[in-house]
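Structures for review follow.
Shared between the two complexes below is subunit A, which pairs with subunit B and subunit C, respectively.
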Partner chain A sequence: MLTVNNLSKRFQHKEVLLSINLVLENKVYGLLGANGAGKTTLLRCMAGLFNPQQGEVLYHGEPIHTSKSFHHDLGYLPQSFGMFQELTLYEMMDYICSLRNISPSQCPSAIARALESVNLEDKTGDRVRSLSGGMLRRAGIAQAILGDTKVMLLDEPTAGLDPSERIRFKNTISRLKQDKTILISTHIVEDVDASCDSVIVIDKGRILFNGSCAELKNIALNKVYHVKETDLAGIAGENFSLKVNETEGKVYHRILARDKQTFPCQEPSLEDGYMWLVKGMA
Partner chain B sequence: MRRLYLEIKNLRFYYSIPLVVLFILIPLTALATLKKAGDPFPSFVTICQLYIPCFASWWPLFVLKDYLNSPGKELLFVYKQSQDSLLGKMVILWSLYVLHILLLFLVATFLYEFVWFLFIAVIIQSLFLTALAYFLAILLQNTFVPLITIFSYSLIFMLAGGYSPLNIFVEGLRDVSSLDKFVFVLVAAFIFLYAGLQMEKRLYKNSI
Partner chain C sequence: MRKLYKITMLVFLRSKSLIIPYLAVLAMFSAYTAFRFIQYMEYQNIFMTLRWFVIPCVFLIASFIYFSYELTIKLHENNMAEYFRAYRQGLWQAYGAIILCLLTLVAIPSTMFLLFMLFFYNYINVEYYPFMVHLLKVSLLYFGMSFIAGILLGTVMAAKLKSNRLAVYSLTVLFMLLNTTVTSNLFFHISYMLLNSYPLEKVLFGIKDFFTLVPHQLGSNFAIDPIYGLPTEPIRWILAGFWIIFPLTLIMSECFNHKVKKTLTAMACLVLVLSVGLFVFRGSTLVMDLRNDSYPYSDMLYYDDRPEADYRRYQTEFTISNYNMDLTVSNELHAIVKITVDNPALHRYEFTLYRGYILDEVRTEKEAIPFKREGDYISIGSLNGSDHLIFEYHGKSPKYYANRQAITLPGYFAYYPKAGRRNIFDVGQSAYVINLSPNESRYEVKVHSDLNVFCNLSGSNKTFHGKTDGVSLFAGMYDEIADNIYAEPMRRDLPQKQTIPEAEQILLDTFKRLERPQPEALKRLADKKLFQVPGNFTLNSGIEASVVMSDHITAVYCSNGSQVAENIMQSVIKPHSTDNRLEYDYLSYLFNQKDITDPFLKKPVDLQQLLQEIDEWRSLKTKLQKVNAEQYERMSKQEKAAYETDGRRMFDLDSSVNNKAALYLFYQSPHKAENFRVFYDYYTSEGKEDYMELVKRIIKGEIEHADRQ
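Presenting the complex of A and B:
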């Protein structure tokens, strides 16, 4: 179990994280937020890379900096990945196995399993510099799931992946999630909906929501409307246009409105709940 | 050691540069001076101090490159927190370089006298420049500027010569008294290593 207690992080005079409190159990969590919301800083603090000005991160009740098991159990994927360009993919994975104290006898099988999970088993002999951006991203995911990882902190893991690889990633997470704490930072709502049990919404360094995907959807229950463009003037009270689409030559808006409207109500999606929160309509 | 082996393997062509300097360039230049009239030892002293210490920083800086300049540096710093420090790598790479220098000097004993004083001087100069490279690399989060600085320093002070408190090189090494200066060079090297280690522990974490 990973616990974040009253964590605050400031760069110069800019407050990036403000009194964050989280308890992460063995589940898949989606950390959802806009660019600059503080997702990466939170992940870096949780990985022990940044020292917070206030608060602490505990792993099974012990601060991560003194915990002997945390760094062995941690699988981390940063936003940018790619080092040792002249080594082969296998050698790079071997290097990370060594860094993560995975027993040398277990390395070959751990590497084979991890690379197979991301469909890179035929690239083991290729040099890292010859891999494409998508392949490098998949290699990043593979190193994060190496060995007996119990905590996975993944910063935008699906960025740069093609649709089939994104599906494969979601399947990999579903297969691996037993007895693991997985936190996936992303701004892609569909990824959270497809792979996560719980969702944490962060905005301007504060946690706005921490609960199940269904609970986040329900926040926007009876607040989403399908409105013809010509009827927009008839919407009462504060509202926000989420999407515009065209059906049979007519333009429709998907509207989030605080007050009850006369227009047909829509089933809320995760994106509706998220937008309701970040637009300050809650 | 497995990690260091892979880091060295990652250098590929760049690994061989100091070897070419130590075992081809220096012997050839030294052999050329043997044909000159007079004592060839002062020329050997100059050649060794010009080439050997500055190339001591070559392997360390190229190994540091992935920790300081690569897109994966964040990951390396997350995983290495409970592992070895970069300072440890610097010391091991300097030791490896010293072993290579030792081979060169073993051969040189057949040609010159007083060669062991020069050996001690050169390994201390090598440690100093390795320490300076490590300190600058961590300070600047960059490996190119330290490389240029080290080579410029060596060229300027070796070729311009003269007395300066900043000059770690000496002309004519023939006895123990010639080594007095190297006590200060050694102390300065340890100061740079210590300062680099403190920065590595404290500053780097918040600078990604």
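Presenting the complex of A and C:
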């Protein structure tokens, strides 16, 4: 169990994280937030890369800096990931095995398992420089799950992936999530919807929401309306246009509105709940 | 770690931008070393070759900065550092593997050089063990530690400056320049041409020295003293150690977080403060460049401004009968010197002690005595009934060094208190003054040093005693090469056993020819110890080629008796001489050193023409000397052109008049024996007559004599 207690982080005079409190159990968590919301900083603090000005991160009740098991159990994928271009994928994984103190006898099987999980088992002999962006991202996930990883902190793992690779990522997470705490930072709501059990919404360094996906959706229950563009003037009170689409030559707006409207209500999505929160309408 | 090391090495070997330059550097280094070795076989000059060997050092360091930076930056450019750091000591392990890999790459040229040095030592066949130790030290310091510092500098720049190549390579170029004489010239010119500031020079050169990993800088043309070798003083090791430990702590601080990072940063600061402190108090080092404090220029510049009145107006009314000297040579000289004066009733005592030695205390056995220090001079009042004085001092001289690497303290130099006020450096002669005691004092000398110390006094185990007019101490790559002959064993022009007896005989014959009594000091030379001193002694002083003291001789060049005899004669006549050119020829003709097959010697001198040329030369000299810089600036173009023409003519005449005069007077003249005598009397007298006036008088006399016949 990973616990974040009253965590604050400041760069120069800019407050990036403000009194963050979280308890992460063996589940897949999506960390949703706009660019600059503080997702990467939070992940780096949780991985022990940043020293917070206030608060602490505990792993099974022990601060991560003194915990003997945390760094062994941690798998971390940074936002921008790379490897030595001169090495083959296998050599690079072998190198990371050494860094993670995985015993040499267990390395070949651990590498095979990890690469198989991300469908890169046939690329072991290929030089890193010959891998595509998506493959490299999957290789990043493979290095994060090498060995007996129990905590995975993945920073924007789907950035730059094409739709089929995103589906493959979702499947990979589904396969791996057993007995693991996985935190996926992203600004793509669909990814969270597809892969995560719980969602944490962060905005301007503060946690706005921490709960299940269904709970986040429910926040926007009876607040989402499908309105013709010509009827927009009829919306009462504070509202926000989420999406515009065209159906049979007519333009429709998906509207989030605080007050009860005369227009037909829509089933809320995760994105509706998220937007309801970040637009400060809650 | 073995696997990390192996894989990192694979990265290096597969990276074309690294492996190709590395192999090219190795090949060039090997070819260069071989080329210099071939040159050695031709010229047989050990220290010139050694100097050439270390020249590529700074380029190799720069190459290692490049290799280490370009290898390490791959961690950052491929964004690996962030996730490596998330694993326990992951980034440190990655850096460790890189450093180990680079150490392997450094080990190849270092080992090559070390093995080559051992081969070189065997090849030159000198069988002098301290020189082998010196070569090993040079290999380790110049080709080992400085390379390691290079790789750590490259690594730390990758860790701290990341992909900012402009900054990294600008710093590398700056670092290289600080290890060359380019910055010596630049700092010298900035300090004096622009701001005329000595403190600024000290600061600039202090910074430069702190960055100097290759003590023998690229571009330096100064010869190496075999007694000293290449600089390997303790401060060099400390600086090399600093440039290894400091970047290493910075690299480590990059790899860890929280408390460890803070501890490492504090450690880096501590190492910096400690090293700067040790650097500031580094004591005596060999400095051979343009700066004011250097071996060649320091005293010349300092004494240029000193008024002669400082020492001329004082009469010494006492002598020192006993010296008891306790000398500790660590990074500089620390001395406790107890003296006994023969006249304890005086109200004032004057002593000379070189200005570089800082006097801590003067006391009698009972109490401290107030003293006044003015440059080289110490003034003391009454001794309050005591006839003993104890001087406690420490310090250094840029020329006569005394440190853990070597000692060259000749007895004629005031490194211990000498009675009265004496001049240390004669600006007119541009030479150090031979300061010997007028009497022979009794000495008890104890030297504390790790070096094997040689002294003119008898004794062993660094304790010496006896009577002399000056105590000389030498140590370093120095040895007793024959009975009572001490020299730098690596020199090719070593004195032989028969050198001094030969010189003595030649001098005896010369004085017979001159029909002049041989000075007492020049008798019984064969009974004296001979100390061959480093060649650089004559670099800024024309009278140290040979110095005869009551019980020993110091000589720079002494491969044969004739050369020693000539140098000794030079020390006899030099203090009264003001013309170097004629005096040089006088000695050459006197000791038959001229090549008699030279066609110049066979061509008869036209005396009338010579007299005309002398007049023209002297008139031009007077005319040109009258023009000062201000007057020159005011001249018209034509006047300036005429001035330049006169200058060129005077320069030509200067050489021809002196050469012809010497040729005639001391070689072709039927009265040459008489001429030798006249000039000996002239050179050894206190007369102020212009030497050219004397030349003219003799030539006119000979013309008249010839006309009469």
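In this section, the second predicted complex is superposed on the first by the 282 of 282 C-alpha atoms of A that agree within 3 Å, B and C clash if a C-alpha of one lies under 4 Å from a C-alpha of the other, contacts with A are read in each partner's own complex, and residues count from 1 in each chain.
One rule holds for everything that comes next: a residue touches a chain if its C-beta (ideal position, glycine included) is under 8 Å from a C-beta of that chain, and two chains touch if they have at least 3 such contacts.
Because the structure is predicted, anything quoted here is derived from the model rather than measured.
Q: Look at where subunit B and subunit C land on subunit A after superposing the complexes, then choose clash or fit.
A: Clash.
Q: Quick one: is A:104 in contact with subunit B, with subunit C, with both, or with neither? Answer first, second, both or neither.
A: both
Q: Taking the superposition as given, does A:49 touch the first partner, subunit B, the second, subunit C, both, or neither?
A: both
Q: Out of 147-155, 345-353 or 435-443, where does subunit C collide with subunit B after the chain A superposition?
A: For subunit C, the clashing option is 147-155.
Q: Is there a shared patch on subunit A that both subunit B and subunit C touch, and which residues make it up?
A: 44, 47-51, 65, 71-72, 74, 76-78, 80-87, 91, 94-95, 98-101, 104, 140, 143
Q: State the interface residues of subunit B toward subunit A in the complex, per the touch definition above.
A: Per the touch definition, subunit B meets subunit A at residues 2-3, 6-7, 9-12, 66, 70-83, 205-206, 208.
Q: Could you list, by residue number, the parts of subunit A that touch subunit C in their complex?
A: 44, 47-51, 65, 71-72, 74, 76-78, 80-87, 91, 94-95, 97-101, 104, 140, 143-144, 153
Q: Can you tell me which positions in subunit C touch subunit A when the two form their complex?
A: So the residues of subunit C in touch with subunit A come to 1, 3-4, 7, 10-11, 14-15, 74, 77-80, 82-88, 90, 93-94, 257-258.
Q: With touch defined as at the start, can you tell me which subunit A residues reach subunit B in the complex?
A: 11, 44, 47-51, 65, 68, 71-72, 74, 76-87, 91, 94-96, 98-101, 104, 140, 143
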